[in-house]
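So, here's a batch of structures to check.
Two complexes, one shared chain (chain A), two partners (chain B, chain C).
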Partner chain A sequence: MKRILLACGAGVCTSTAARVKVEKILDANGYKGQYKVEQCKIAEVAAKSGSFDFVISTTMKPEGVKCPFINGICFLTGVGVDKTTKEILDLMK
Partner chain B sequence: MYFDKEITFFKESVKNKEEGIKKLADEFLENQLVKDTFFQAVIDREKVYPTGLSINDIGIAIPHTDSIHIIRPQIGFMSLKEPVIFKDMVDEKNEIKVSAIFMLGLLKSEQQIDILQKLVDLFQDQEMLKKVIACTNIEEFKRIMKKANID
Partner chain C sequence: MSQILGFFSAIQGLGATVMMPIIIFIFGLVLGTEKGKALRAGLTVGVGFIGLNLVIGALGTNLGPAVEQMITRFGLSLSVIDVGWPAAAAIAFASTVGMVIIPVCLLVNIVMIITNTTQTVDVDIWDYWHFAFTGALVAIVTGSQTMGLIAAILNMVIIMVIGDYTAPGVEKTLGLPGVSLPHGFTGAYAPIAIVINKIIDMIPGVRKIDINMEKVQQRFGVFGEPIIIGTALGLVIGAVAGYGYGDVLRLGISMGAVLVLIPKMASLLMEGLLPISDAASEFISKKFSNRGKMYIGLDSAVGVGHPLTLSVSLILVPLTVFMAVILPGNKVLPFADLAVIPWMFVLITPVVNGNGFRALVNGIVVLAAGLLISTNLSPLITTAAVNANYTLPSGAAQISSICDGANPLTWAIVRLNDFGWIGMGIVAVIALGLALINRNRILKEARELKQA
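On to the complex of A and B.
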């Protein structure tokens, strides 16, 4: 079970929008039921990152992240989704 | 329901992003949608985690803050006569010339997922986004939002 942390500034808006897209991608690639997603504010990422397999955020990478970090801005802009999708799928292996 | 208070400004002239945010936040406060801590929280958050985004060469901003400042969910809209500078969400050293501000007063809940999804889909639809930015009155705006299934 992969633990994925979804983060954004307030932990409410853009991380929710990204989450919907990320979950769709994971389910479409056969990972349904094999992951757990949690959302948080970017300020909480450093402290939480030790317990997650990777972080996807719509903001810049903060200091002190202890796990792989993926920039998820493509889920808002629609640009670069393929590249980010590949990064995510690679980390799911 | 997210636009029921019709907090919209079309082709507004503002000196800077703070003025744009203030105009929207004041309307939110007057309509009792947010606590009086909302405006400062949005400004503070914008400094640390900017909300400017450039999509298909169109600059938009989605200022918002923690849901504890929100009483009732609402989305406010302001199109700008002249673009206003916001910092880039992904690179704060980068400046985005913003043509439209969508102020998000949303709560932390499952109900928001749908509206957020639709907003993101709208942002990614270049034609629709251009129409929204070009519109000059609330009726036109509501028509476009209805088409995007956002109401």
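On to the complex of A and C.
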């Protein structure tokens, strides 16, 4: 079970958009039921990151993140999704 | 126009929790989403609405009486509860203007792109609610939904131009190439920051000041966590209200719960809107992405992570509460929207070029003014909430929000409408003037691009 933290400004809007897309990608690659996603505010990432396998964020990387960090802005713009998808799938292995 | 709005206000009579699922379902079908998906999206939005209503209710029943006691004990005049932007967004989408805002704003965006008055393809459908919010308040002031809709459109035009204008700064300081932030709340602070920045530039000595904010994030980090800030505020308010220790603790835990739960409910609302927003943004970006230099318009949440933005916002959380208490004329008790302060700074940060001192000065000015603005707009916001069938916190006379309730641009547009058509005329002239200036810039840039 991989624990994924999905962060954006408030943990509401853009992280929801990214979460739905990330879940679709993971399910399509056979990871259904093997991951758990939690959304949060970017300001909470430093404190929470310790207990997660990696974090995907739709905003900049803050200081003090204790796990791998993936920039997920592509899930909003639609540009460069393939590269980020590969990064995520590598971390799922 | 009035017939279409009439049809929508008939559906609106059923209440937001019934109306929104129907509207989202219909939009979904129109945009070609499959039936089951559209239905689920509509129902999810309904769930979000009911969830938000419950949480705001919990906020009211717990905080309302405490605030009342606090007022009678100390003569504090903080009788307006800040219910936060998720509630404001829900109220905006549930208004008559809000129901038609998504297709209308898409149309405005398309017209602006075709006429070269914007370079932004705004795929951030969710944040159209800011324009609906302005529109809903104007509709209350003028008594005319058509006027409300016009105000919403003009608000969007102004914000789109600001989005284009600030895009180079967003690329340079925030590191987001090809992205602009046409965000109704964030955008309103860019012109103010430009003015304040110019003023500071003119003062000898002061213009050299900079404060290093690096360490702030570690020290003030707790102010970024809703569970801590909610609980702490609850405890303080309970104590000030003169509650016994049991009730103080209960209020603390309840307020922490409210701040944690509000975003979760808003997230459901967002999830329901997602199929609509995806279909709409796909439609618009497919049609218009190949027209020279274009920006993709995103939620300014993508820029919230800038270290300066986060640091200054964290410092301003306790400062805002303090200002609310001492500022003469303020009636707003800042609460749910203390989490929204970073959004103010997303465009201020590029304007002040990462200068910590200037960001802080900006923050104090806009928040102090913001408290007075949201006090001023609170009767209208309360009416809008009643129109949307929201349960108002008992005990609290009125509600407001620090987000768009304290937005200077929203305030200006709404209050200019106190003067009737003249006011709307002024807004229209400004919006169209900005659009034309933007058009000249875009065409000039396009010519230079061709020559190069």
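A few remarks follow.
Following the convention adopted for this analysis, the second predicted complex is superposed on the first by the 93 of 93 C-alpha atoms of A that agree within 3 Å, B and C clash if a C-alpha of one lies under 4 Å from a C-alpha of the other, contacts with A are read in each partner's own complex, and residues count from 1 in each chain.
Note that in this section contacts are C-beta pairs under 8 Å (C-beta built on N, C-alpha and C of every residue); 3 or more make two chains touch, one makes a residue touch a chain.
Keep in mind that what you see is a predicted model, and the values were worked out from it rather than measured.
When both complexes are superposed on chain A, chain B and chain C end up clashing with one another.
In the superposed model, A:60 makes contact with both chain B and chain C.
Once the two structures are overlaid, the count of chain A residues touched is higher for C than for its counterpart among chain B and chain C. In the superposition on chain A, A:28 contacts neither chain B nor chain C. By the document's definition of touching, both partners, chain B and chain C, reach A:20. Residue contacts after overlaying the shared chain place A:9 against chain B and chain C alike.
In the superposition on chain A, contact of A:79 is made with both chain B and chain C. After superposition on chain A, the stretch of chain C that runs into chain B among 2-10, 56-64, 110-118 or 218-226 is 110-118.
Looking at chain A, you'll find residues 8-14, 16-17, 20, 41-42, 58-60, 73, 76-79 touch chain B in one structure and chain C in the other.
Across the interface of their complex, chain C is touched by residues 8-17, 20, 39, 41-44, 46-47, 57-64, 73, 76-79 of chain A. The residues of chain B lying in touch with chain A in their complex are 45, 48-49, 51, 53-56, 62, 64-67, 89-92, 104, 106-108, 112-113, 116-117, 119-120, 123-124. For chain C in complex with chain A, the residues that touch the partner chain are 86, 123, 126-127, 174-176, 178-179, 217-218, 221, 224-226, 263, 266-267, 270-271, 274, 277, 285, 296, 298-307, 310, 314, 339-340, 342-343. Those residues of chain A whose C-beta lies close enough to touch chain B in the complex are 8-14, 16-17, 19-21, 41-42, 58-60, 71, 73, 75-79.
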